Amino acid sequence: MREHVEIGQGRQALRHYELADVAIVPTRRTRSSKDVDTTWHIDAYHFDVPLIAHPTDALVDIPFAAEFQRLGGLAPLNVEGLWGRHANAEEELAALADVANTDPQAAMRKLRELHAAPLNVELISERIAKMRDSGMTVAVRVTPQQARELAPVVVKAGAEILFIQGTVISAEHVATDGQPLNLKEFIGTLDVPVICGGVYDYTTALHLMRTGAAGVIVGGGENLQAASMGIGVGMATAIADVAAARRDYLDETAGRYVHVICDSEEVFTSADVVKAIACGADAVVLGRPLAIAEEAAAKGAFWTHASAHPRFPRFEVEGHMAAMFGDERIDDGAVTLETLLHGPSTAADGTQNFVGALKRAMGKCGYTDVKQFQKVALAVR
Amino acid sequence: MREHVEIGQGRQALRHYELADVAIVPTRRTRSSKDVDTTWHIDAYHFDVPLIAHPTDALVDIPFAAEFQRLGGLAPLNVEGLWGRHANAEEELAALADVANTDPQAAMRKLRELHAAPLNVELISERIAKMRDSGMTVAVRVTPQQARELAPVVVKAGAEILFIQGTVISAEHVATDGQPLNLKEFIGTLDVPVICGGVYDYTTALHLMRTGAAGVIVGGGENLQAASMGIGVGMATAIADVAAARRDYLDETAGRYVHVICDSEEVFTSADVVKAIACGADAVVLGRPLAIAEEAAAKGAFWTHASAHPRFPRFEVEGHMAAMFGDERIDDGAVTLETLLHGPSTAADGTQNFVGALKRAMGKCGYTDVKQFQKVALAVR
Amino acid sequence: MREHVEIGQGRQALRHYELADVAIVPTRRTRSSKDVDTTWHIDAYHFDVPLIAHPTDALVDIPFAAEFQRLGGLAPLNVEGLWGRHANAEEELAALADVANTDPQAAMRKLRELHAAPLNVELISERIAKMRDSGMTVAVRVTPQQARELAPVVVKAGAEILFIQGTVISAEHVATDGQPLNLKEFIGTLDVPVICGGVYDYTTALHLMRTGAAGVIVGGGENLQAASMGIGVGMATAIADVAAARRDYLDETAGRYVHVICDSEEVFTSADVVKAIACGADAVVLGRPLAIAEEAAAKGAFWTHASAHPRFPRFEVEGHMAAMFGDERIDDGAVTLETLLHGPSTAADGTQNFVGALKRAMGKCGYTDVKQFQKVALAVR
Amino acid sequence: MREHVEIGQGRQALRHYELADVAIVPTRRTRSSKDVDTTWHIDAYHFDVPLIAHPTDALVDIPFAAEFQRLGGLAPLNVEGLWGRHANAEEELAALADVANTDPQAAMRKLRELHAAPLNVELISERIAKMRDSGMTVAVRVTPQQARELAPVVVKAGAEILFIQGTVISAEHVATDGQPLNLKEFIGTLDVPVICGGVYDYTTALHLMRTGAAGVIVGGGENLQAASMGIGVGMATAIADVAAARRDYLDETAGRYVHVICDSEEVFTSADVVKAIACGADAVVLGRPLAIAEEAAAKGAFWTHASAHPRFPRFEVEGHMAAMFGDERIDDGAVTLETLLHGPSTAADGTQNFVGALKRAMGKCGYTDVKQFQKVALAVR
């Protein structure tokens, strides 16, 4: 039974768990990690590894997306950041990266100025065309606010997978001014698989699945909203709840499988990826952990796509992130995306070789594919 | 059922939760934050936002109170601090602010000296008259100890809302020397709405409600007493318990609604305000978070009104407070009250844009007024 | 019901709580702290405050004991430390104090050398005679190991209250070499009230009570043994369990009341004293918190009496202790015992004014004597 | 009943406990630590103390093994590290130790290079012959991966006890390429007692016991895999579960007793050794705590044998380890193995005098042999 507690007279709360609270337990015959299959697919698109790059300008530019796909994953472009506003986005990012390490506040002001520029629909189309020309699977991220306007544009320009991603999303949005977004009607008008979120609970996830979404994102990409808004369901619980909605929706539709994708600042290390899958995720988004990649667009500076919100900008430099990893971190330079995903690792803290660690964990626990691994034994503290 | 544990043979304790233990869970259709209504009223007095400034000299002087009200909140003047003892309180505060950043111990000694001066009833009346003349809603704070003497004075001078606030209060106080305060008899003699506290539990709150109080304050304004006296019920539990008393008193009186107001050092960020309301508070007091306001009377130094107690002075400088926020804090200068309440925020940690964050949280969770938001889904760790 | 958990298949463990896990909850009419009675008595000896100084040479010399008693408490002399081995103990302590702040390791070596000297029974008798001559209540501490030999000596020399205190004690000690101590037989041979411990559980406490002990000490005086031996039941649980033994023994004997005394490194602040009493203690031992007293024999250096054990010496300098209090600590100099016990406090962290804080806590919760206060409402996190 | 929680809808997890969560509770007549018997035996081999050195090159060379056995314990040689690859391993280790304190990254690269050299079967045989000639009980550690090839070699060369130890092991390993290891068949072919692991749960342990293993190792020697793979069952739970398997296997075989050996980075202090035995371990492996021994092969630098894995090297210098012990640590130099095992201790933090502390703990709790001590009362936080 779900654990509810009465925090005060007549006021109930659900007990929830973070990925950090959870551990996996090897209870079966071990297997060689060479026999482990980490492939993942959504609709007709197949990927060697169940990893997605967080669609922020700090990470994903077109070369990054191409390299990340070459290594087996998927990297959507955020078309509502600098790439969709500034023709010289590369230059602006380079300037931002320079100032980020010496004057974070100036970088933050600069980031806000850059996001104040209007979206340029033609520029967005050009960016997507360029991605398409490179031969990669074209994935694009828009906000729920801009989805109605931008989704047709990006699909027409060649987007093959569409992420509609905000901090919190629901199947229907209510607004008294302007026209609210009804995802059920909207997704039906699009010809591409749509992945949307974030959600935190069973009910919202089930409603989103019923809109026809191909995938549902659990989590808001970042936890800082916990500090400003108090929203912060632990990912272990949120993923398991959304996976339950997936199971019920599968039954209700006699076979429609909606993918559950975790995007949370709780994901720092390869262990967190392992645990997210163990809790029920089909794929996991990496954000900050990729900021130390040589290929990262902002060269180590990091912000999530939510920083585009004019009143809630966020900005962090790599030094800050590294500090969160403490003394366990040995290396101090950038590494290639290839090392980050496939090793060999020069760190013992799970910040590199994400795929290798996932394979080892699956093999040690005796599982050979990602879907089965969602049943691995769990322990909590 | 309430969670009781047996900490040892035959000794029970109630499990309690702090605001930090709690998170809110979005489970409904999202709404535009533009449609969110944050108004709050007590008696005939209406406020745009459910925020009250902690009545300490470190924050509230008359210009501060005026500005805080202009921005939608309520800022009571503490008439038992420097303003009620020293005609040149402005100068004394300025001197105190200067020394606070360089020599906290000297500042502490100075603060004690200043509180050793006698209360000046005429001076208090002058201060209140000045507030009244400025056109604001005049709110004043007195201690339970001085309430019998000062309440008639301040009401006569023009106070419209009276706060009777100490660390811990009860409907009846027992003393063998001197005349104890019986709030039930006393509040009936006053013509203005009275808000009193702090309380920590259902029973004390219910008794206070029966005195005729318009509002009950949960918490003692500061947690430092936890270190000296061991009192420290988590605010999530305390607010929910007092809200239960409000519900039962509403039933018992067939409709008298007593406001529940949270005043606790657990409230650091906008997330804490969100959670306090989610647990059942109608309004939330901000203390330390306002110390970085340019308008704060002590220019960054902070102490609660409890520091007036001759044997338990407290004093902290802004640097100390900032240290508690750790590396998440990016900005290092003072900001305007307007920015603190309404943004835009230059920080990602919930220390600014308190009203904006509350509106966003309510909208993300699908609620449009503060009273309904008290039912939002909760999760605990 | 007691909370037992199965940590692994077939292996049970009792859930236990530390003082830090516990808070007191004011639920009754408040009372003036002037009306609070903190007196405590054991046998015919009455004390104004229920506080005992930890019997270590680092704190208690004869002037310290006299001053501590003048302030209302009880300070036993440890006759198995320097005072019972070295005629020039004052000089040795002064030398030790000097080196402690500059070279802790040298101080530790010195402390071990000093404890390697043989016990001097005549010197012990002289020390006790001097205490007796000063007019104070003469309390003396011996170890269980030396009790058989030293107890008759110290009682003959004038000891009025005897502490038999080791890390862990039981009513019977088993040894195949030498003669084990049977407290039941032994205590009957002594004419003075005996206080013995430490114990951690109901059964051992009940057995000790049946030896005729006037008081039972809960806890081993220090928690460092948790690091070396893994013993470390939380004091909230241990006190409540021993208080249950007191209750059952009271019933079994139709009225013999054995005092429960807490001596634990968990006691740092006045809040900890308050909580220890709230959990069921009749009196509380202060160790480290008194090291900052001007009157402390070792002038700020601190070690517990367990440091006399030749293989487990412990030594800590005040700087170390202060570091444990973190940024909350404002003052940095020594204070008088009078300030430590009765204030006024210049700190807000509960490290001073122990009696004042206890009185305030009792008054805020509506209790007027220590025994009744053992029933105050508790909350745990 | 085991405590299972539902972390999300339909997803269960087992509640688990670390050694740090557990404390032992003295509830019986105390005994003299001189009467305590700490002997341990496996097969015909008897040892005075139930302690095993972690088989890593950082600790164990032949002189270390001889000294550790002289002091009562067992120290297996890791033949798959430098000793099995480099004839001049002493020189290489000395060079490594030099660079470790000044340039950890260079040391890590060097360590990987050294492990890239091929295993030299003749060199391994020479090493073992040298151990045998010294008169000690010859214990050797191989990996599951190399066991098929190396086990016959080392047994022929004189190994008397064989450790087959990897991060996670199971009775059968599945691999589609190459021949997987079936321990049940394999162990039957060997003439020496085999100790294998690590395991984390009841089922895997029971299956391993059925292979004919003389001992089962609980834990993977290090917790860093928790960061990379998310595996990390708390040792208190894991040991108790494996001890339950030992009990059931004893019943199933009408008397075959398989030893349970704890090897975990949770073991830092003597208290951890005490607790591991209290949870059900027959013997405990010490890794990092021995790195400060003067006799340690790498002179303070430390890595576990898992660092031999080419993609997951780990390397830590003593300074890092010391930092984990924080301010409690007073001494800063190397100490002899004799002091580490038998004292006298110059530290109060359980990092020295491991056997003395175990004896004291057993005596304080009233137990005289290790097997009985597995029933001592436990408490958890």
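Order of writing sets the labels: A, B, C and D. Residues in every chain begin at 1.
Just so it is clear, a contact is a pair of C-beta atoms (placed from the backbone, for glycine too) under 8 Å apart; a residue touches a chain by one contact, two chains touch by 3 or more.
Since the structure is predicted, the reported quantities are computational estimates derived from the model, not experimental observations.
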What are the chains that chain B and chain C both touch? none
Interface residue identity across copies chain C, chain D - same or different by half: different
Angle, in degrees to the nearest 5, of the Cα rotation that carries chain A onto chain B: 90
Expressed in whole Å, how far the mean CA point of chain C lies from that of chain D is 39
Report the inter-centroid distance (CA atoms only) between chain B and chain D in whole Å. 56
For chain D, give me the residues that contact two or more of the other chains. 15-17, 237
What pairs of chains are touching here? A-B, A-D, B-C, C-D
Hey, which residues of chain A end up touching chain D in the complex? 1-3, 15-17, 21-32, 34-35, 202, 236-241, 243-244, 247, 269-272, 274-275, 278-280, 327-328, 330-331, 343-346, 348-350, 353, 356-357, 360-361, 364-366, 377-381
Help me check something: in the complex, which residues belonging to chain C touch chain D? 5-18, 104-105, 108, 167-178, 180, 199-201, 203-204, 224, 226-234, 237, 310-315, 320, 323
